[in-house]
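Shared chain: chain A. Partners: chain B in the first complex, chain C in the second.
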Partner chain A sequence: MKKLAVKDLNKFFDAISADQLLYMPLEKGGSVNYGIYSRGDKYDPTVLHTVKSVKDVFFPQCESMASFVTAGKKFEVAPIAPVDQSFTVFGVRACDVRGMEALDKVFLSDPVDSYYAARRAHGTVISVACSAPEETCFCTAFGIDPTNPGADIQAVIAGEDILFSANTEKGIALLDKVADLLSDTDDSAADDAKASIKEILNKLPLADIDLSAWGEGKTEELFDRPEWDELCKSCLGCGTCTYVCPTCQCYDIRDYKVGDKTTRYRCWDSCMYSDFTMAAHGTNRPDKKQRFRQRFMHKLVYFPDRYGMFSCVGCGRCVAKCPVSMNIVKVIKAMGGKNNG
Partner chain B sequence: MAEEHICTCHANDYIDPLLPQAAVVTNVRTDTPDVKTFRVVGKDGGICFDHMPGQCAMLTLPGVGEAMFSITSSPTNTEYKEFSIKRCGVLTDALHAMEEGQEIGIRGPYGKPFPVETAFKGQNLLFIAGGIGIAPLRSVINYVRDNRQNYGHVDVLYGSRSANDLVDYKEMCDEWMKEEDFNVYLTIDREQEGWDGHVGFVPAYLKELAFKPDCTAIICGPPIMIKFVLAALIEMGFSKTQVYTTLELKMKCGVGKCGRCNIGSKYVCKDGPVFRCDEIEELPNEY
Partner chain C sequence: MQEIEKTLRSRCAELINNGTCDKVIAWDRGEFFYDNSPATFACADCAQKLVYDCFCGANLSKYLIQYAKEGKTAVLLKPCDTYSFNQLLTEHRISRENIYVIGVGCDGMVDIDKIRAMGIKGITAVKEDGEDLVVSTLYGEKTVKKADCLLEKCVSCKSKKHYVFDELIPEADGEDVKENGRFDMVEKLEAMTAEERFEFWQEQLSKCIRCNACRNACPACTCRKCVFDNPHSGVASKANADSFEEKMFHIVRAFHVAGRCTDCGECSRVCPQNIPLHLLNRKFIKEINEFYGEYQAGETADQRGPLVNYTTEDAEPTAVSDRGDN
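And now, the complex of A and B:
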């Protein structure tokens, strides 16, 4: 295990960013999101969540894939190559690390998404344990340990120090690169810090939410439940939950045309929007109830059916951001689990 | 035949499967007042990529957009691909305005094909199509015609709104009706001057023809037709395991990732569009 004084973090950031991009949570316009570090930028360890998850780094909200050049009847495709430079992401919480596992299931399954795969291959992820989980957090319900967040390197802040341990070859290589800044230490300080975080975790109101009614093979039991009628009523269909979600991966593919040049790009989209499934012949989900149900069934039943894991990580972003306070926790509780009082 | 079908249209590894290659429209045929059939070849000639009957491709008109279409030509046609497309939206309007020589984008093939080399082999086949629903079935029918020894008796029941709306009418009359052990039954919805064939809806004609359930049935057409045809087949003694159909939903990526065509744990673009009717029954009722 390696140690660095928290006050020296900028030296660590400067060393990493000397020859590559470093993404980390940065404050801009009053909200904190992943941004590219430049010398002097401050990392605030008290910020638990970025507004948008780390998904934005690996699967950007909007990305161009190709240019089409047309001339009369002629048409040429000029592909935009995926990322080919190494980069580092610092400050990822345990829930977002699990969120990336869910995205991996989708984008790295056959046929592999080359844009996402290139970013995963070239990116080194440094996670940071949560020092102060909030009352909207329920990652522990999904078996996530926010004190052991995983990724290439995991860090925990213990008093005045930040302690690093590498989990992968990429992580070892990155710590080697900045070895001059780090000193060796044993696990005791980290263990003490984790123990005190766990005390907070045990007191969280959503920590023991019961998921036993959800998961693989539950479609028949849950799809036609009458509770959907009532639950969907307050939903505005604004899609905020899908944009802040670390696992929502639905996207649109569109063209932007200026003169004879067209840019083909893809961007995040939301199953909560009424035109999401609208085709020339109509839509298969004309009602709000159907769209509302689709999102939660997908996260809690269909995704487990297909990929063997929930695609909710309990980060609580949707709980905090929904303008009408409707959220996945209410849905989970409304339909099952006798322990969900 | 492998279960997974990976896009084979990009020789260069770093080009994402989401990107089209350029191809040329070499022929435009007007089939009906709202259906045209487009012949497409690669920029350097050829069929762009191999496919199996029932599989689909994404067609792009730059600046207008991209959509999924079934490939109506048979894989046994190694000169070009054909797409029969009904004009019904922004992109199909623009496609219908195309002239010969227009270059478009194409990527594919996508989806699971009809099991022509497995479950269909050695079977009698009953094709039931309505309107533009003939487009994907034409690929199977011509594949069967070109591999005639592998299949039993073939019946094709095809219905449309009017005689003017029958797609591929010329090919049916000139070629299909002349095949041995191969019957073509046509019907239109309402009486029409100059039409001396059958008049009436497809499900009713199907019951009239009283096919024996000793064959595999393949249905494609508007959802309401599929519903009544399936009910009629069950009534006639067919089991859902001997009936195949296709689902059609909005698609963007074609590779099971963008989320649009998701029903239950399935993605229609990747796990379909071809489904056996008992498999459809297991899906949430949202298609």
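And now, the complex of A and C:
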């Protein structure tokens, strides 16, 4: 295990970003999102969650795929190549690390998404254990341990120090690169910090949420439940939950035309939107209830059916951000389970 | 507030029992104590569960478009929400005879994010104690001033008076708040150079994730099909393909609700990125006041807004250039 004083984190960031992009949670206009570090930017370890998850780094909200230029009778197509430079992401929480596993299942299985795959191959992820989980957190219900967040390198803040341990070859290589800044420390140095985090985790109000009503093979049981009628009523049909979610992976492909140049881009889509999966016959989910149900069934039934894991990671972003506070926790509880009354 | 909640519960049950309404649109307890959700209560017993406390910021008036089409619906409206209700009536989006309005007293709604922004984490309960809020957390108890934790729309509350109601709970209505300072920040922006102002909006609007929460919550945004959702409109965009688009969406929206926006503040309340969208609307309101005389959308249900009316005193289009704005 390696050690660095928290006050020296900027030296660490400067060293990493000397020859590559470094993404990390950065404050801009009063909100914290993943951004590209430049010298002097501050990392605030007390911020638990970015608004948009780390998904935005590997599967950006909007990315160009090709451009078409018309010049007289000539028509040129210029595909935009996937990322081919190494980069690092710092500050990823355990829930977002699990969220990336869910995205991997979708984008790295056949047919592989070349844009996503290139970013995963070139990115090194440094996770940071959560020192102060919030009441909206319920990652432990999905078997996530926020004190052992995983990824290529995992970090824990223990008092004045931040302690790193590498989990993968990429992680070892990155820590080697900044070895001058780090000193060796005992593997037990993080134990106290982890123990005090665990104490808080046990007190979290959603820690014992019961997911037994959900999971593989539950489609028939849940699809026509009358509870959906009431649950969907307050939903505004906005895309907040889907866009702050670390695992929502649906996207749309659109063209953006300015003069003679057209850019083909893909952008996040939301099953909450009326034109989601619009096809020649119209959309297959014409009303709010169907759209609302789709999101939760996808996370908690269809995804487990297909990939053997829930695609909710309990980060609590949608719980905190839904404009009308109608969120996945209420939906999970509405369909039954112990302690869910 | 607890007294009002008790009265509201029994009164709403009574209204359902005596046939005045068949359902009530109010707020329901959330997962925690601060995340009350808009909900419909369709039986007298259900009405016993409705909640009214300092976390009922959501404006319920827009739900009436969808849920007050059939039968008779009672709705709880705070003073600020009554302007939206009147505006919806003006625009024939709802029918007055289908709705029974219970005006509820309000002394300001709390923004849980403002409490969090004070560095208070893991909040498990908030109790009102006079002008203070006692906040219990996983990490201990803290006391804060309620005035420091109000929703933006409540910081600059324009009225404690209900502009439409069938009955009031409590019975005594409040007054308009004359010195509400709601144009202070607009004036600060006006005093900036064009470059500074551009930078301010660039920083704020570039945070936009195009979730449409502002539009979907807005009681003035009631188009059956929004131009930005229409794949045939040529401007439908689910993401900001460039930095022009992120500004265009919000500016077009502000233009579209100009003269109809009541300044209910829902756009800023619901924004997941905390973009101060209400400032765009307030700029329009301020301009309208200056060019056409003081006007408050939704003050009554039968007024023609200055932008859809014509009088010989109307400002000439040159008024803006004559003023020499930068």
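One rule holds for everything that comes next: the second predicted complex is superposed on the first by the 333 of 341 C-alpha atoms of A that agree within 3 Å, B and C clash if a C-alpha of one lies under 4 Å from a C-alpha of the other, contacts with A are read in each partner's own complex, and residues count from 1 in each chain.
One rule holds in what follows: a residue touches a chain if its C-beta (ideal position, glycine included) is under 8 Å from a C-beta of that chain, and two chains touch if they have at least 3 such contacts.
The structure displayed is predicted, hence computed values, not measured ones.
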After the match on chain A, would you call chain B and chain C a fit or a clash?
-> fit
State whether A:F223 touches chain B only (first), chain C only (second), both chains, or neither.
-> first
Is A:A18 in contact with chain B, with chain C, with both, or with neither (first, second, both, neither)?
-> neither
Check whether A:L108 is in contact with chain B, with chain C, with both or with neither, and answer first, second, both or neither.
-> neither
Determine, under the contact definition given at the top, whether A:M278 touches first (chain B), second (chain C), both, or neither.
-> both
Thinking of the overlay built on chain A, is A:M326 touched by chain B (first), by chain C (second), by both, or by neither?
-> second
Would you check which partner chain A:A121 touches, where first means chain B only, second means chain C only, and both and neither mean what they say?
-> neither
Give one of first, second, both or neither to describe whether A:G29 is in contact with chain B, with chain C, with both, or with none.
-> second
A:D269 contacts which: chain B (first), chain C (second), both, neither?
-> both
Is A:L204 touching the first partner chain B, the second partner chain C, both, or neither of them?
-> second
Overlay on shared chain A, then closest C-alpha pair between chain B and chain C (Å) | 7
Could you tell me which stretches of chain A are touched by chain B in one complex and by chain C in the other?
-> 252, 254, 269, 278
Name, in rising order, each residue of chain A that touches chain C in their complex.
-> 28-31, 33, 46, 48, 51-52, 61-62, 132-136, 200, 203-206, 230, 233-234, 236-240, 242-244, 252, 254, 256, 263, 265, 267-270, 273-275, 278, 319, 321, 323-327, 329-330, 333
Contact footprint of chain B on chain A as seen in their complex | 65-66, 68, 70, 73-77, 79, 81-82, 106-107, 109-111, 113-115, 219, 223, 249-255, 257, 262, 264, 266, 269, 271, 276-281, 283-285, 290, 294, 297-298, 302-303, 305-306
Chain A-touching residues of chain B, taken from the complex the two chains share | 4, 6-7, 14-22, 60, 62-66, 88-92, 99, 101-105, 248-250, 252-253, 255-265, 284, 286-287
What does chain C use to touch chain A in their complex?
-> 30-32, 35-40, 58, 63, 67, 119, 121-124, 138-139, 203-204, 206-207, 209-213, 215-217, 225, 229-231, 236-242, 269-270, 272-275
